[in-house]
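In what follows, structures are represented as structure tokens.
Here come two complexes built around chain A, the first alongside chain B, the second alongside chain C.
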Partner chain A sequence: MKERYFFAVLFILIIFLGFFVKNPFILNMLSLSAITLIVVTGLNLLLGFAGQISLGHAGFVALGAYISAIASVKFGVNPWIAILIAVFATEIFAIFIGYPTLKLKSHYLAMATLAIGEIINIVTNAWVEATGGPQGFVGIPLLSVFGFALDNEVKFYFFIWSLTFILIFLSINLIDSKFGRALKTIKSKENAAYAFGINVHLYKMIVFLISVFYAALAGGLYAFYIGFISPSSFGLTESINYITMIVVGGMGNFVGVFISSVILSILPNLFASFEDYWPIINGLLLIFVIMFTPNGLKDIFKWTKKQ
Partner chain B sequence: MDKKTIISINNISKSFGGVKAVDDVSFSVKQNEIKALIGPNGAGKTTLFNIITKLYTKDSGKIIFLDEDMEKYKSYNFAKMGISRTFQNIQLVDDLTVLENIALGYHSKMSVNLFDAFIHNRKNKRQEERANEKSLEILKFLKIEHMADKYPNEIPFGHKRLVEISRALVNDPVLLMLDEPAAGLNESETNRLLKTIFRIWEKGVTIFLIEHDMNLVMNCSHSIVVMDSGKKIAEGTPSYIQNNDNVIKAYFGE
Partner chain C sequence: MLGGIIEFCLLKYNLPLGVSLLISSLSVAVIAALIHKIFISQTKNATELSLIIMTVGISITIKGSVMLLADKDAHPVDSFLPIAHISVFGAIFASQYLIVILFTFLIIFLLYLFFKKTLFGKIMQASSMNPLAARLFGVDVNMVQMLSFAISGFIGALAGAIIAPISFAQYDSGVLLGLKGFAASVVGGFGNNNGALIGGLIIGVAESLSAGYISSSYKDLAAFLIMLIVLFIRPQGLFSSKDVERV
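Here is the complex of A and B:
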């Protein structure tokens, strides 16, 4: 696959960038976009390849973030163990949510996940004793890797981008296997999937849980990097942002989604004064893309196997 | 002369609301036989086909495949047991190349788990190569190997049918079920299809097909079942069916 070469080159470029850029503001911005990219890569497996829409993915990111934060601050658990617990707990939650909702078709699935995302958001707002409520959760410690504390922007930048690329390569591998073929079949020809031995509901569950894994992991990393989390970072707007990034990049296209995620997560930071208008810009972009280039950036960057 | 029964359909019934789409139909398909199911529009052929492959649930009746009651199996177990099918309205996946579409048919023979796929280990690589080899082999058998790297929307309709048949053949099925394989094909494509069906049959695959095209059915099948308004009205050899009063009535009226 040509995608692998593209990402290999990109990885080298991004590592180089880390050595040259000294401005902590820019590094911070790029690290945050890497965290977003982890969520979007996972969601792309679910939405882009398997065609199952989730409007509540920010909720799973929130669960990852809050459970990690609570475990480490209130129970004194090591940050890595805390993330592990958070991912595990979020997965258990996702199994209960996913089992019934993935039997639903199209719009119903979107509505169910929308509701779940909102419920998580309401709980994080209202359960002040555990989450700090709308004021947010403060005092989350820093991560360290093999004894090195990731205590500045540069170190975290290298760490998070390496992890992001590992996760991207793993998803490319997954799609480039019998599972990828199965997911693409589920997306457009469910009857054919059954006829060729694919347990459709099980595969939907698997890909849903993988995408939740990516989301919860990103949530945990976000909490330990920023040190502060509040419900407003994980609302419906954020869930829609993730979907916009996928639609603009081209559903089921790793390269396009990478580019759109990085650009769309950096822009709001660059133009912070436009923050209030950002949902409008995002919405217009979504409408524009759906109307004029339904395949998103994929139409421009068409990466087929053999050209 | 007594051949093994591959699949037997016993007293199958199915109603949609008050309409009996399939009404107490029974017949069986013997080993290495080409069996056709024909009937006018709305006779319940496709419904029966979908009941056999469990896309629909039946109201009553029993299906036995190789001495096993199919009741306890789900539709996605059938591929592994040796039942393959094609679809009347082509069900090729647009996001996959022709070769990948065919490799999809090999899915049930691949034992890689998620972990193998995630890290692309040797087991995954070996099975992917095997799937590719098998798919190419089938493409060559059907003489459409030049289409391998194209996407389904880039190839002519007649070839899509052949790709669907290839996909159904790649896991060496015992029983191949073809749902109106000649629908939408022109005369030369139909002739090619006829030859293809014979070549598949020569390999020892038992074939069960639904068809509208009388010519094709009369030329290729050993045995024909005729349905009308959900009921089986006749079963026998092509020459018997051609001269059967019930069949003539069903097709041409009184």
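Here is the complex of A and C:
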């Protein structure tokens, strides 16, 4: 219950921020971090609550972005329908991919999902006729809501943050349900989950599809917001960034993950000249958080209180 | 990857080939052992999931450091044999492939001897199957884990070093190689050395065929597609009858 109040207050804060901040650079940065937050919220359901790792999630974001871009530019479909098509197509793909891979456990699952991410990255690089190859895909139109074009940073800011909060509330509700408790059982003791009559594979599939839904949706929104996509924005580095955000925030902790993903997605934009150092910083963050504060931010707060 | 890069750096100082090969593999083995000693064995309440995430963190840290220290370019490494290309019945290929094949069989043979004939190999298998029971028999499981990290680091570095003349040494060449290795072991069946060898052959041939008949930009795809198909149809691998770690 406390989480919901926290997010309600946060939502009001963010909306207020939108009225006061006039700098388009900052608004743009915050909107991009909202898109990242959608992906991370979805992945958190999979990694934090069901305990299943996916090292290829940027691949699903890429699918969402590319399919919606291709549908709207090459076939002239309305952007919203294009996003719908993209999400649907990505889900179909995820069913075929998820069915065999989710039977795997621990490091086999990690490697298999890593491979899926790589496959998608290779295809987006190589299939030049459809995706534009390494040069990227240009000329994607803008979104509009009920005839109201989201054509500047301010309008998109309000739209994307409202959507993000809706999605976060939905996932909190999901975790508070019977389904969410079943997922937690799967994470802590899979055999016990079997004994309680939980169809483990089916539940893993469902939560995987939900997280892919979040990823593909975020990908589509990203494509229509930036207007340009290229394979390098959806590589393995991105997948690992998402994992870092969840681990630093604390697996299965909505508030912590919210804070860490907003901070970690804004920082690289602020210090763009340190681009080459980010993999090292991310790596060290992962190592030290796992070593000393396995519950992420929550532990850090507790630790500072004790001092 | 690290093996190839370190080898490249050592060769720059005009060290003889054999020495640089040995030094690069050994130093990576030491690094791997240190990683286990410093990070993995010190982690409190480690679960399998957190250890996986941690190794991912370690790998991108190493990759990032190498990227900063040696730049992003691909570094060419000279072929081990004095003649660069050999022609057999009109087919010309790089002489380095002979070295790779030789080393592959050598490593497989040595690993076979190690696991079947030596006490330590058996201890290692025992502690992987049931760490608790192994500990009851007086095995220092932590030590065994550290040594197995060192051995896998050694073999990985050796593989990276001998493939470097073919694929160049680059800061991010490791991921794809590692993934293909994983794909080969999936196709062959986990925990089955001979199966992995055949799986590797199948994947290699499929890769070359798809490069020849479809397009060379899709050649990396072949390995993963075959792996996914095998996972879908026969998750235990083509040549394995043993029960695999799956639901």
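Everything below uses one rule, namely that the second predicted complex is superposed on the first by the 299 of 307 C-alpha atoms of A that agree within 3 Å, B and C clash if a C-alpha of one lies under 4 Å from a C-alpha of the other, contacts with A are read in each partner's own complex, and residues count from 1 in each chain.
Just so we're on the same page, a residue touches a chain if its C-beta (ideal position, glycine included) is under 8 Å from a C-beta of that chain, and two chains touch if they have at least 3 such contacts.
None of the values given here were measured: they were computed from a predicted structure.
When both complexes are overlaid on chain A, chain B and chain C end up sitting side by side without clashing.
Between chain B and chain C, more residues of chain A are touched by C. In the superposition on chain A, no contact is made by A:12 with either chain B or chain C.
If you stand at the C-alpha centre of chain A, chain B and chain C are 80 degrees apart, rounded to the nearest 10. After overlaying the two complexes on the shared chain, residue contacts for A:200 are found with chain B and with chain C alike.
By the touch criterion defined above, A:166 lies against neither chain B nor chain C after alignment on the C-alpha atoms of chain A. Of the two partner chains, chain B is the only one touched by A:177; chain C is not. In the superposed model, A:192 lies in contact with chain B only, and not with chain C.
In the overlay built on the shared chain, the residue A:81 is in contact with neither chain B nor chain C.
Once both structures are fitted on chain A, no C-alpha atom of chain B lies closer than 11 Å to one of chain C. Once both structures are placed on chain A, chain A residues 200 are touched by chain B and, in the other complex, by chain C.
Of all residues in chain A, only 170, 173-174, 176-179, 181-182, 184-185, 187-189, 191-200, 206, 252, 305-306 touch chain B in the complex they form. Within the complex, the chain A residues that touch chain C are 47, 51, 53, 55, 97, 99-101, 103-108, 110-112, 114-116, 118-119, 122-123, 125-126, 190, 200-201, 236-237, 240, 243-244, 247, 276-280, 282-287, 290-292, 294. Contact residues on chain C toward chain A in their complex (touch as defined above): 39, 42-46, 48-54, 56-65, 67-68, 175-176, 179, 182-183, 186, 190, 215, 217-218, 220-221, 224-225, 227-228, 231-232, 235, 245-247. For chain B in complex with chain A, the touching residues are 53-55, 74-80, 84-85, 87, 91-97, 100, 103-105, 107-108, 110, 112, 114, 116-120, 124, 127-128, 131, 149, 167.
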